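Shared between the two complexes below is chain A, which pairs with chain B and chain C, respectively.
Our next item is the complex of A and B:
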């Protein structure tokens, strides 16, 4: 870690750019039992969860037949998530998966945007810094593993152990590839999200360090755009893995 | 840290991002070109084409991001710097 510390010194030793401190690899550790956990991620995700819960409660507190305002917006969001799930999982079984896909999408979306839009720098931590929860690899790996468990559950509950017979479906040569795929799916899901969010924050931080005013704004907007797309991609992929696991290979072909 | 390992890590980080950007760059260019062609041929399908294009661009971008993750690991959490 010696070189990283040197890099932080470089960034923070310039008095004109106090906002440009980069603290990759430094964490605010909490000790719970034998585990060291990244406290800043917990704090940030609690804020995100709180925001989501409060918004949902406010939107559903006084439900009208003709929606307006916040309720209207949340109904739009729900419809969006439902459509996404329906196109990926399929018309028949999609209903049961809407809560999971919706949770993944909303949590990732709010984390990404919250990391960029909430002024976390106002809160001083002893070490590390508050940022989007998704720019910590542990969060994204957890989300990806939830997705893995979900699609295994989907396949196994639908087809029983016959799910694994589908591994040899077109030809038995596919079996090792399918097994490898089970590992690469969560790996690529988690790395994609983590890398994109961290890259956004790094690009903005480096540009703020070079030119503190105005110039980073277009890239911040681009960052908001990519983080929204990443949330969409994660949810879409999770839904399509689930749909793929439940797909019937033996039955008649359907589109 | 051993200066050789430091130099190798920095070089490897640069190569990881630089080489990793080539393929997705070509791929994204292809995809965008085909999308423009599609829109020119059938302007009413623009919305659908744009949605699909953005999604696939993000997939290709992820490939470079993998290189970036490797580069960041080498720079900030180098496993060989004991």
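Our next item is the complex of A and C:
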């Protein structure tokens, strides 16, 4: 840690330092009653939400049998999401889960890309800065908890309390591991997304801070790539957890 | 500035920090669920329906086309069979006609030969008759001449 302090001190002594600014862990607080919320996260997420909803409305405003333009593109996206859900959840049950998995994918994808592509720096906030909504731990934990609730719901609604009996499959030794898994799943989901997006934005910011022109561009492109991959990973894992929860462990002799 | 990063990263201040969980979490969750509902209404449902309907439409059209193709194939087979029948029939008609014509020709030839035969026989008859009558006439004349010759030689009349 001492090293990193020295490194950052070195950075700050470079003459063109004011060109780039980096703020981490500073938030633009709104007070709602007794609660505090991170205003910058909501502002950015509303932009993302608005973009998403407007795009979808434009795409489905005038649905044609022979698709073209935006409708075609969104159909491609929807087919992609359907395929993803179908492979993870299974042919029989997947349709009910498309909205959740699809929204997870679209929201995370749009947040990540929005964070990288929209010039947020143009907007000055009193504190903190606008960035991808997914680089706030609250957002990713919220999404991860929703995923957890979803797969518990999937398992319980399908098997009743027998879902917990499956924790002892194939041997009772598995029970503690399965219970730990229920905690590690949302933890890993949220921290993976949060860490990747934050680290990506930090790396780009530090590089922009060091060499303002051109050099950060390859890293930005890499950032776009990892952002897309993170969205895909989150959606795929959520779908696979749901599929796993609904899976029939007793196998063939059941039906 | 960048060095503002270090204290916030290392030591959590009274307010803020990287892992600052607060009311943002439930509100974000609620917002996400609302987004899911909205997208369900404006994206998944209408577009999913459109995709499914299109799939149904294409399947229906394909079945229809397959049916028509089968029908066309059956019709073609029918027509080909009818064509083959007609060809066979026409061939048999031609063969019949040829046979008939040959028979007629043979008949005509036979008739003509018979007629010629008959005419020749009639002519032969005529020739024979005429020869006999000529012979008879000659016989008469020979007798009369012999009688005259004998009368002249003998000087009197015989008989």
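Convention: the second predicted complex is superposed on the first by the 233 of 255 C-alpha atoms of A that agree within 3 Å, B and C clash if a C-alpha of one lies under 4 Å from a C-alpha of the other, contacts with A are read in each partner's own complex, and residues count from 1 in each chain.
Note that a residue touches a chain if its C-beta (ideal position, glycine included) is under 8 Å from a C-beta of that chain, and two chains touch if they have at least 3 such contacts.
Nothing here was measured: the structure is a model prediction, and the numbers come from that model.
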| item | value |
| --- | --- |
| A:188 touches, of chain B and chain C: first, second, both or neither? | first |
| Partner chain(s) touched by A:196 [first = chain B, second = chain C, both, neither] | first |
| Partner chain in contact with A:142 - chain B first, chain C second, else both or neither | second |
| Partner chain(s) touched by A:229 [first = chain B, second = chain C, both, neither] | first |
| First, second, both or neither for A:99, with chain B first and chain C second | second |
| Most chain A residues touched (candidates chain B, chain C) | C |
| Touched partner set for A:80, first chain B, second chain C, both or neither | neither |
| Which of chain B and chain C A:29 touches, first, second, both or neither | second |
| Residues of chain A contacting chain B in one complex and chain C in the other | 1, 4, 24-25, 198 |
| Residues of chain C that touch chain A when the two form their complex | 1-6, 8-10, 12-13, 15-29, 31-33, 35-36, 38-40, 42-44, 46-48, 50-51, 53-54, 57 |
| Residue ranges of chain B in contact with chain A within the complex | 1, 6, 9, 54-55, 58-59, 61-62, 65-66, 68-69, 72, 75-78, 81 |
| Residues on chain A engaged by chain B in the complex (per definition of touch) | 1-4, 7, 24-25, 188, 191-192, 194-196, 198-199, 202, 226, 229-230, 232-233, 236 |
| Complex contact set, residues of chain A against chain C | 1, 4-5, 8-9, 11-12, 17-18, 20-27, 29, 32, 35-38, 41-42, 45, 49, 52-53, 56-57, 59-60, 63, 65, 67, 71, 74-75, 78-79, 82, 98-100, 102-103, 106-107, 133, 136-139, 141-143, 145-146, 198, 206, 209 |
